[in-house]
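Order of writing sets the chain letters: A, B, C and D. Residues in each chain are counted from 1.
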Amino acid sequence: MPLLDVQNVTMKFGELVANRRVSFTVEEKSIVGLIGPNGAGKTTLFNCVSGLCRPTEGTILFNGENITGLKPYQIASRGAVRTFQVVRPLKDMTVFDNVLVGAFLKCSDNKRAFKKAEECIELCSLGSVKGKLAGELSIGGKKRLEMARALATNPKLLMLDEVMAGLTSTEVKESVDVICNLRQSGLTLMVVEHVLEGIMSIADKIVVLDGGIKIAEDSPERIVNDDRVIEAYLGAKYSQRYKSEGRVH
Amino acid sequence: METFIQVLIDGMLSGMVYALVAAGLCLIWGVMDVINFAHGEYLMVAMYVSYWLGFLANVDPVVSTVAAGAFIFMIGALTYKLIIRFTIGKPGLVALLATFGLAIFLKNLCMNQFSPNFRIMSDTWLSGKTLHVGGLIIALPQLTAAVLALIVVGLLYLLVNSTKFGWAIQATAMDREAAELVGINTERIYILVFGIGGACVGVAGGIMPSYLAVHPEVGSMFGLIAFICVAMGGFGSIPGAFISGLLVGVVEALAGFYIAPVFKYVAVFGLYLAVIFLRPKGIFGW
Amino acid sequence: MVGRSVELKTFSSRDIAWLAFLALLVAVPFIPAIAANSFRLHVLILILLFASMSQAWNIIGGYCGQVSFGHSVFFGIGAYGAGMAVVTYGMVPWPGIVVGMILAAVVAVIISYPCFKLSGHYFAIATFAIVEIFNRVFLVWDWVGGALGLDYPIIKEGIGNLMWHQSKVGYYYIALVIFVIIFGMVRWLEGHRFGYYMRAVREGQETAESLGVNSTAVKLIAMALSAAMAALCGSFFVQYNLRVDPPMVMSLDMSMKFVLITILGGAGTLVGPLLGASVLIPLQEYSRAIWGGLGGGVDLIIFGILIILMVVKQPDGLIGIIRDVRRWLSKKRTKEEL
Amino acid sequence: MFYRFSRLMSLVACMGLLCVLFGFGYGTTPAMAQEKVIKIGTIFPLTGPVATAGQRCQAAVQTAVEIINNKHPEIKTPLADQEGILDGYKFVLVHADSQGKPDVGKAEAERLFNQEGVWAIIGSYNSAVSKPASLVAERMKRIFMCGASSSAALTQRDMNFFFRLAPTDETESVEFVEVLKWLNAKKDANIKTVGVIYENSEFGKHAAGEAKKASEAAGLKIVCDIPFSPGATNLNSEVQTLKNANPDAVLAALLGADYSLWIRTMKQMAWAPKIAISYCSGYQDPVIAKQLGPDADFFMGSTAYSPQFASLMPAVADVEKIFKEKTGGVPFDGDSIQEAVAMLVLAQAIQKAGGLDPEKVAETLHNNTWDSPLSLGGKVAFAKGGQNVKAHSVVTQLQGGEYKRIFPEDMADTQIVFPIKPWNQR
């Protein structure tokens, strides 16, 4: 049984269709990348899974349970936790308190929650700034904070929304390492990325969205050679030229 | 039936004045996201301006309403310069509390200077005159105030929606930094907006002494009703403020007559809650 | 960073300072300068009462970020609870206080459930409207005394009737108990899961929800708690003044006072309401005592100017000023060390 | 740097303020034992919605004290021709502001007694403030003189140290209904229905309650009962409701600005009852007649004093001269003069008791009948509970801007104009 099973999800905002009949699955202890060009409907899909939007049609199963239309906090407490693409730190609280809020989801007594928070802060290398106000962090720090906070909830499925966008390549590498470590510790991850560099090397499976429709779902090696994916990313004309010049690996 | 129409007319006339008071508040709120708690006190000061002009220089309120508008324009601009300027960008509550302090200050300053006595102007052009249309009675001072309100709100709407200055105001309201990038002097816009918002309530206050006694407490209730109108109409929407002002006047009159006079404000506040629960951003809000 | 510890918040060095302060408060009536001067004791009682009341508001307004101007309704319900127990039913006030607290919590949940769907100023103005509605309904409601209000008969003084005539020391200690209850509760909340959740909801509702926080429930519980505490303060207020009528307890002015004190001291901080109350209440009482008799409203003019100055100069409140000064001093020290 | 400095300065300012207020201890009573001084506190609503009345009442007490403390041989009131009382004791007033709020009034009463060391208190205009404030006095066994509060409940509490000069709304209501009966009998007025309109406050509610009780006892039918919120932006629905019910007589309890708005709204709606009688403040405010002009005419009300009563009270004219200096030319009204009487009677009682023992003075107040040239009828005497049983007010009618005495007949100076003239025939 897959951990997350998205079945025929359609999301409409009035006339605008953000997702049309998208289906895919996320197996336990795997890393699934969700990619696509701007406006492909990645974040909307994320919002549907995490409960911010209620899908117009379709069902979402998590751990075999139907979670369609549940409130975000209900989904989070079942173990599917997300981060935000546009970072949303709890500005007037310290980094530590931010993470602590996450930690309290599964550990109700202070001692255990504090311990959990410390762990997650170390894991995301925020130890040096844990007493700072979250609003005062750099953008990279805020992104890591998003992750640490989500991690602290002890999730089964961690959904990362573009945690690498806008980072330098060293920072990207750091993030990749963190993600790999997480998988090793038994976590399932779903990663939305706009940048392909990082995700391709670690993902077990890639789902590609374009114009709200799933156009491919496969292993990374095969995705990079998929015509439709290249077309979606580069446009038809360039993809032709790329192919003819044989520059696609 | 005749009574019903009479009540309706009375309600609409007072509603238009509410609308004028609310329009000024609405502009300030819409552009700066500031609730001006001293709005009712502006009205009171304007009434004093009009009263003293009448008392000392024998100017009729119909004329001195212009002067009152200009005076409150200056007070508004001054309020911005001295107080509001420091609260922009801070949590919305800060400006609200600062203007609450201003309201206490203005109310008691006027009491200190002009004594708490209420003052009536009885020999103005309009006072006590009525129009009889069939069986209906329309009070001329209220009618004049309502017409004036209609004109001023109309002008304000035109100013905001179809002049270059108005576009600058709208741009500033949407995004201050972006507006500055395209060369709008947003500081000046803020001053003018606060001034114009004040001028609206100044005009309303200027005409009112022809039918209402002037005293330091007179503005409080108007201010409260203006908040209701603005919030009911929707964030920064002048037509919204106008329609809800009218609505408030009519509901107040109908509830006052058909339910019980003590419940007229209960009905108004209840109406606000009902509207806002159905449309959390007000009638014209988005 | 000043005052932002990352240690376990269950007990800290600051609490020792608080306990010392409390010991001082307990000793206050034995200080001759205050014991002999009932006006000073009166001011102290008001400070404790309004600090407690503002702290009750602080739960929902400061920690949870829902700026309610409707708290005089709950204050009033508590006041009427005690008042009606004594005046209408001729009992001791205690059952009235309990009923008032429960009722206030229930009313708070009922009216705030729809209001929480509103944002920003819409919420604030909705709470204005609720105060006005309650005020006017209580004014015509004969069962609660209507516009006539409830006047206490002359009955025996003592803890049973929660009423003292000759000396104010009894009132002082009751106010102190209320102060300890409410401040202690908020202190406990600060280090507890619920306290973190409240602040998370204030800082970002969607973020909080994404971390598994049921924001609606958090807000409703905080509101109920806040309202019950407000009602407790209200019942003390009426026992202290021996009269209750709607303009006295259920007015916008009253609501504004709670908000003002908290903001002035520093919203969302434990010490804020106490700071605010110990500046604003003496200011109000003494300026009225000194200038009120002149009749020109001079005290209120000054009061107005001071509010403006305070709010404009330091929107974080007095706690912000203290923080600034400490930062300034530590900067100076490091400079000297260099 | 400057920014930081200014913040520091504001902190210093705050701390300084606190020190001044708490440390240097306002409220220690300066020793005045050597001088022969009797401190009297006043509590009136000097700010807030009824500040007008409160400030006049304060001025009235000041006037009375000035008369007592100084030699005024020209004034024909007791104690005017000598300096002070009890061989040179003089009165010193300590004023306090109740803001019209009961809790503030009570706190101020305590402060006046405990900190300022006043010997007695005069106040507090609002019945709602007088109640808790006088309880303070009663518990301390100190005298509380109440001039103008009209709620009948005040003197039904069996208090020993509370004295009230003004007639209660109960006696006024009975008198109003007497007027209606008298009109029915003498003028075939055919008054059968009554409407009451009142501000929904302690004052208005009490007055209306007594009005309804008295009317029903006299077999008059109450056709409308209209409370309204004081400080309203308009009274359209209120007057429309009145007009629709069309009562023959209206009994009204409105204060200040609301009263003038009521009159104007009735004019605007071209309706008036046959007769309208008002309780105290709104109607008898001397400013009303002046400012409303002919519109105020033909309305009636109870009046304890107006300048036109000078022929009944020859002493008043000279007292009023002093009063007018303090109010910028506004004469006494029925409320403020009661506060002056309160002060004068208290001084007489101290003089007669021969000392400053509050219990003895209170006993003296109860046991004697006092000369009071500033009261209608010229006498003051207190029943148990503290009500002035000699309190009279006459029912007057405004005619040509002057308060004309109409009822009772033996005090009347003018014929009543009945019914009220329609608005377009003035």
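FYI, contacts are C-beta pairs under 8 Å (C-beta built on N, C-alpha and C of every residue); 3 or more make two chains touch, one makes a residue touch a chain.
What you are looking at is a predicted structure, and each value in this text was computed from that prediction instead of being measured.
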item: Where chain B and chain D overlap in contact partners, by chain label; value: C
item: Far-end chain from chain B, centres as C-alpha averages; value: A
item: Interface with more contacting C-beta pairs, comparing A-C to B-C; value: B-C
item: Mean-CA-position distance for chain B and chain A (Å); value: 50
item: Whole-Å gap between the CA centroids of chain A and chain C; value: 44
item: Mean-CA-position distance for chain D and chain A (Å); value: 75
item: Euclidean distance of C-alpha centroids - chain B vs chain C, Å; value: 32
item: Multi-chain contact residues (two or more partners), chain C; value: 136, 139-140, 296-297, 300, 313
item: Numbers and ranges of chain D residues touching at least 2 other chains; value: 47, 51, 54-55, 200, 227, 229
item: Chain A residues counted as touching two or more neighbouring chains; value: none
item: Chains grouped in pairs wherever the two touch, ordered by label; value: A-C, B-C, B-D, C-D
item: Chain B-facing residues of chain D, complex; value: 47-49, 51-52, 54-55, 200, 226-229, 231-234, 236-238, 240-241, 244, 256-257, 260-261, 264, 267-270, 287, 291-293, 295, 328, 330
item: Chain C-facing residues of chain D, complex; value: 4, 6-8, 10-11, 14, 17-18, 21-22, 25-28, 42, 44, 46-47, 51, 54-55, 58, 94-97, 99, 101-104, 106-108, 110-111, 114-115, 128, 131-132, 135, 138-139, 153, 200-202, 204-206, 227, 229
item: Chain A contact footprint on chain C (complex, rising order); value: 1, 4-6, 8-10, 191-193, 196-197, 199-200, 202-204, 206-215, 268
item: Residues of chain C defined as touching chain D within the complex; value: 33, 37-40, 42, 136, 139-140, 146-149, 151-152, 154, 165-166, 237, 241-243, 245, 247-248, 278-279, 282-283, 285-286, 288-290, 292-297, 299-300, 309-310, 313-314, 318, 321-322, 324-325, 328
item: Interface residues, chain B side, partner chain C - complex; value: 29, 33, 35, 83, 86-87, 90-94, 96-98, 100-109, 111-112, 224, 227-228, 231, 235, 262-263, 265-266, 269-270, 272-273, 276-277, 280-282
